[in-house]
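The following blocks contain the structures, represented as structure tokens.
The two complexes that follow have chain A in common; it is paired with chain B in the first and with chain C in the second.
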Partner chain A sequence: MKSITIALKDLSRAFRSMFALAFMFGVPILMALLFAFLFGGVGGSDAEFSVPKTTVQIVNLDAGNEFVPTFEFENQSAGSLGEMLVSILQKENFTDLMTLSLADETEARSAVDEREAGLAIIIPADFTDALIGMTEDSTAIEFYKDPELSLGPQITESIVMSVVDGFSSGVISMDAILKGLGEQGVELSPAQQAQLIQSLTQEGEANGQTQSSALTILPPTDNTPSEPTSLLQTIIRSIMGGMMIFYAFYTGVSAAQTILQEQERGTLARLFISPTPTRTILNGKFLAGFLMIVVQVITLLTFGRLVFRVNWGPFPSLAVFTVGLVALASSFGIFVMSFVKDTKQAGIIYGALLTFTGMLGISSIFTVGTSAERAFEFIPLMVPQGWAMHALQASWEGNLISSLLLTGGMLVWALVFFLIGNARFKKRFA
Partner chain B sequence: MNGPAIRVQNLDKNFGDVHAVHGFSFELHQGEIFSLLGPNGAGKTTAIGMISGLLKPDTGDVWLMGHSIQQDAEAAKAELGVVPQDIALYEDISARANLNFWGKMYSLRGSELNERVAEVLELVGLEDRATGAVSKFSGGMKRRLNVGVALLHQPRILIMDEPTVGIDPQSRRRILDSVKQLRDNGVTILYTTHYMEEAQELSDRIAIMDHGEIIALGTHQELIDIVGELDRITLTIIGESAKVKPVWQAIEGVKKISSENGTLHLLVTDSNQILPEVFAAASSVGVRINSVQVQEPNLEAVFLHLTGRALRD
Partner chain C sequence: MKFIDIALKDFYQLFKDWKPAIFLVIAPILFTLMFGFMFGGFSGPGNADQRLPVAVLSEEDNALTETILTSFSTSKVIRVEMADNDASLESLRQAVADEDYAAALIIPAGFSQQVREKSEVALTAVLDENSTAGISVQQEITTITSQMQTAANAGSSAAALYAQQAGTTNSAEMEAVYNNAFNTAMQAWQSPPVTAVESQTAPNGSQQSGDENAFAQSLPGMMAQFAIAGLMGAAEIIIQERKSGALDRMLGMAVRRRAVLAGHWLAMFGMIFLQFIILVTFGQIFLRLDFLAAPLATLALSVASCAFVASLGLLIGILAKIPEQSAIFALIPMFIFSGLGGAWVPLDILGESVQKIARFTPVYWIMTGFRDILLRGAGLTNIWPSILALLGFSAIFLIPAVLLFNKK
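This part shows the complex of A and B:
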């Protein structure tokens, strides 16, 4: 009961402090609003948000394969996979994002150099052969782009890679057929393999089932399970989620710092003189941090949902993430402050520590689409904020299992932090 | 309960090489005001820390109304109210919110808490400022509230650690009157101060502390008797004290001479009779007297007599 009294007193004092309120709610919301205005609007409507259209010059050098004269897809046919890629990119779905025109290689490069185009996509001559496994050599589509442009060419690049991933899936399907034949002792020559592809494709066409053809072109996939999410909402979700985690840890440390503040102002000694056990006082302090972060996280999640229509994911995984974040951030505060001597030291130490661990933890949101993306899937897991960020991502992807596993990891961190911090404070105040 | 309200037995506390408190023992009877008098750094606050359970002694123990502060801390602390030397309040919330919070820490709840808060606000004269943030209070008002917090749960023992430091005369008088009133209501009070006049006015018994030890303990009169009926003459001089000390020592009736920071203290039998001889002797060795102060026997004189130093230094 006394723990709750201490916690409520701290909570009431925190909500009287403009400084604390600014960091708990003001800064994360301002950051989200800033990004929303930068990217075109508030309210989650696609109509209000537009990525600048990218002028793309596409060069199709693909020579196709002599044994597979046509590739069928969505009631169309193409002479090569390069041609198929061009046809897909010319579809209406992408007209808002890019202006596409065919060019030869010299023209395309020159257009980018002279900034008439933002990106040139150069499909190599052996593109089809490589994808259907008719050559041992690997090949690559070249993206020749204006280095000063980032967002538009990056989006186009992602779309192209997504389509090519679909082609690769088709090749994997064909490989599975060939492997099955091989296990029965039937070995096919390259020419026979190509004939098989063609006959399978024609059979699929005859049956009106393009999906059963050997080369199935898959549309770019959307991982979001339920609600559709606009690009603006995705950006806001990442920024606001990251800021929420960053400042939840700030709140945890700031709440624990009241132990040092009370020590310096004499009220902690007065608490120790009262008939209140040390563990009750420390539990009250921990509970105060816990409650502050609960209020902060719920407020920010609700704000994101109502103002930006952010889809944070299904309720069970979001609830699991919230519990983990609150426990971890509040215990991290107790842990950090147990190593700090006074409030002067605290300002410097926790400022630097929170900035470093916080930025590292949420770095994955800033490395999307860059060469460092893969590395930053794992590096953030070195700090607790990284676990929280991954758990939030698992939540909005609707992956309850991942969410549970990551929250389990967060709770282990939280337990270790709490036990160490609590033991150190008990020793200090024994 | 018939035993002592406070029993302190052989407390020792060292901070590294510093012996803060050594061999500290005494007993307080119920309803008694007992003052710990000593200069800053004498060890009063450390002793209070151990008696109130804030500091763990290296050796020894303290019993409050029969409860050991180490073995039965919660029961012992429930008997105790402490007014700390520094103001220990939450300044960003109101006086009433402070009292409500601290009352709950002493297990007061509901209507009992509300009644006690109202009574204490009246007692410390802050009824009109109950809802204002403490940060807006004057130093004296904060001090009074600081005292009020310690009285909320009606403790049978009250420890007051220099409660009148740095406040206006009006607030000081109010606090001293409250202390007397509490004693009349049967509260046992352990009072620390370096103001001799406060100890003299309030205390049934006084312990004088220096360098972590009790160097004298008794009633006011018993302590005065240590120096007898000697007057104290305090002089500042222009010239060397080494020249004048031997000639003053030779004057009949001068019992003791000590010097400190350019000031000379003489303990004498009759200041009126001796003072002209003091001036004459100083003049004979070429020393000029710059100022003179004469005091009747008091606790200051006792401390000077016992330590060779002035209490206020």
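This part shows the complex of A and C:
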């Protein structure tokens, strides 16, 4: 019972410390709120992650072609394909992605240089000629972009090129058809060719916008959560999960640090001369760390669930992960602090070791979708935080077997840490 | 010049052991490399294949499947890895779930027949539509299937026109026309009539094609973030001075209050400025960030940034009652200013409302100034709004610090 009394005393001290509370709950929650704000806006139409809107200045240098004076599309007509491209981009379905205005080339470049526009699109003079097969060489649309913008210009370029591909499909189809017929000795008259290119261009323009194909998309696994998870919730789940793991290890180290603090204040020595076995005192200290992390993890999981509707995965996987994390973070604290001489040295542990291992362990959440993603599947497993992050990911993916295996790994780490840390502390205070 | 003596004393206290170096130099460098890596800082010519791996299972093998595989294999976005013939849909889904592949693509049995008869390019893709990798792969597959769709339509149109023009229904001849038109169209997509060319204003003012250096985002971001983080230790000196009675002793020895404040401010300024010098040098030498293209602008912006951070540190030191509080008072603005100011992710990928609010954070102006220098080749005349804003923030934190210190 003395162990429990010591643990409760430590707990009460910890929960009265603003510093401890800030690291246990404040910072992880602040980070989650911050990311929710960053990626979710401030409510209203911004309440869900949205693609940034780009201010675009478009320069139409297209001279058209004298043989094809007009292009008909959707009850409109245009004198050139450049004009048609501008009209299509000005349609309502693109207004959420870009604000488009016409300009001359110097103005457009200057607007980008002056940060008044994020992107200048320069349609070349031979645009129509290239698209109706009147030139031997290909031509190029120039995308002159603000070097400080990353996503918006890329998305706009992708949209423009999908429309242009629709146009290109006309001349590509035309050439292919003429070649196919020519091989069999059939040739179309100029009038037939003009009619054909008109219909193919219109067909291609329609396809370029709809991008419809018979592509069936299947999710990677059937173990998808029973409730839908939005992109924003996915981001918050990753950030909050990562922060929870990061700071659970802080709590573990901080809890174990109280042994050193009591030693320096002399209160530990007083405890040792009381009729309480050293083992009981140390077990009380270890138990305090364990309970602090239990409270921290359960609070943060519940907060994420209630405030952000985060789906942490099925209860069995989550429970298994929680047990593993609590055991691992508390034993890691004991292990680390058993090597530290005094609280002055402990500063380096907070500053360097925990920051480095913590960031490495949760790095997989920052590398999703990047070229580094595969490398960061395994590198984080070099540190205990990486095992915890993988186990949490297995939990929210609903993969109980992976969750069990990873938690097994965490418990092995925890056992090794505890045995070494416990042995060193007992030896130190023997 | 008592304030200089106080500053030197603070400096000695700060650097008498090497721990502050962790927050001031090592951590920002590590985080710069990590964030830079995430935003593609090491991807350049000569590096390993960075394309997203996609497992492809072809349930039939003929000229048409070979054609589409050739198109996928020349993609700049995806890297085709053929799955074993005995692979099942479930095993591929599991492989994607396990992140062995960014996606899996199945060319189903009957694919060629469907292309020929219905001009429909029917494929099955296993991917996560909520992930960046999944979205990228889906877009690339859609582009390539659209191209094949065009080719199939061209083949069908050519065969129909042939039947009409030649007045024949000879299936062998029609198939030859179809194949010829189809293959010609697929080949033509390798060099389409209109391509895209990207250009941007280069730092030297010329307009040229170029890639953004990912470290131009991550290094200024981490410089700003860890400059504020470094205040944890610096502000603690002011608290310890007050708690230990050293402040009372100094004031009792006719040291003016403003000299005490100026000394502490100068020490913090010096500490952060030293950090900036080390990190700018690191960026210049190892990360190909050309700070020295505009040395005066870099110097002025660094001075303004350090003035803001030192003023914030002074306020924290005066507000905090115990050392632990100084850590919290430093961490909270660090997270808020860094997150909202664009130190972690480029602001342009965030919502419009966030971009507007960001302007009210000092880190935004540090980021804007340094990114202007590094990406646009801006000089002192271009970045004065950032310098003015940072000096303004410096005043916003310094004035209450002075008032509170005098009041206490």
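Quick notes
The rule we apply is simple: the second predicted complex is superposed on the first by the 248 of 430 C-alpha atoms of A that agree within 3 Å, B and C clash if a C-alpha of one lies under 4 Å from a C-alpha of the other, contacts with A are read in each partner's own complex, and residues count from 1 in each chain.
Here, contacts are C-beta pairs under 8 Å (C-beta built on N, C-alpha and C of every residue); 3 or more make two chains touch, one makes a residue touch a chain.
Because the structure is predicted, anything quoted here is derived from the model rather than measured.
Touch criterion met: A:Val27 reaches chain C, while chain B stays clear of it.
By the touch criterion defined above, A:Lys341 lies against neither chain B nor chain C after alignment on the C-alpha atoms of chain A. Once the two complexes are laid over each other on the shared chain, residue contacts for A:Arg13 go to chain B alone; chain C is not touched. Contacts of A:Thr5 after superposition on the shared chain: chain B is touched, whereas chain C is not. In the superposition on chain A, contact of A:Thr276 is made with chain B only, not with chain C. Of the two partner chains, chain B is the only one that A:Gly266 touches; chain C does not reach it.
Set against each other, chain B and chain C differ in how many residues of chain A they touch, and the higher count belongs to C.
Chain A residues 17 lie at the interface with chain B in one structure and with chain C in the other. For chain C in complex with chain A, the residues that touch the partner chain are 19, 22-23, 26-27, 30-31, 34-35, 37-40, 43, 50, 53, 89, 93-94, 96-97, 99, 102, 114, 120-133, 136, 138-139, 141-143, 145-147, 149-151, 153-155, 157-159, 161-162, 165-166, 173, 176-182, 184-185, 188-189, 191-201, 207, 210, 212, 324-325, 327-328, 331-332, 335-336, 339-340, 345-346, 348-354, 371-372, 375-376. For chain A in complex with chain C, the residues that touch the partner chain are 17-19, 22, 26-27, 30-31, 34-35, 37-42, 46, 50, 52-53, 109, 112-113, 118, 127, 130-131, 133, 135, 138-152, 157-158, 160-162, 164-165, 167-169, 171-173, 175-177, 179-181, 183-184, 186, 188, 200, 203-204, 207-208, 211, 213-223, 229, 231, 234, 347-348, 351-352, 355-356, 359, 363, 366-374, 377, 397, 399. The part of chain A that touches chain B in the complex is made up of residues 2, 5, 9, 12-13, 16-17, 265-267, 269-277, 430. Per the touch definition, chain B reaches chain A in the complex via residues 52-54, 56, 73-75, 77-78, 80, 82, 84, 86-90, 92-93, 97, 101-102, 104-107, 149.
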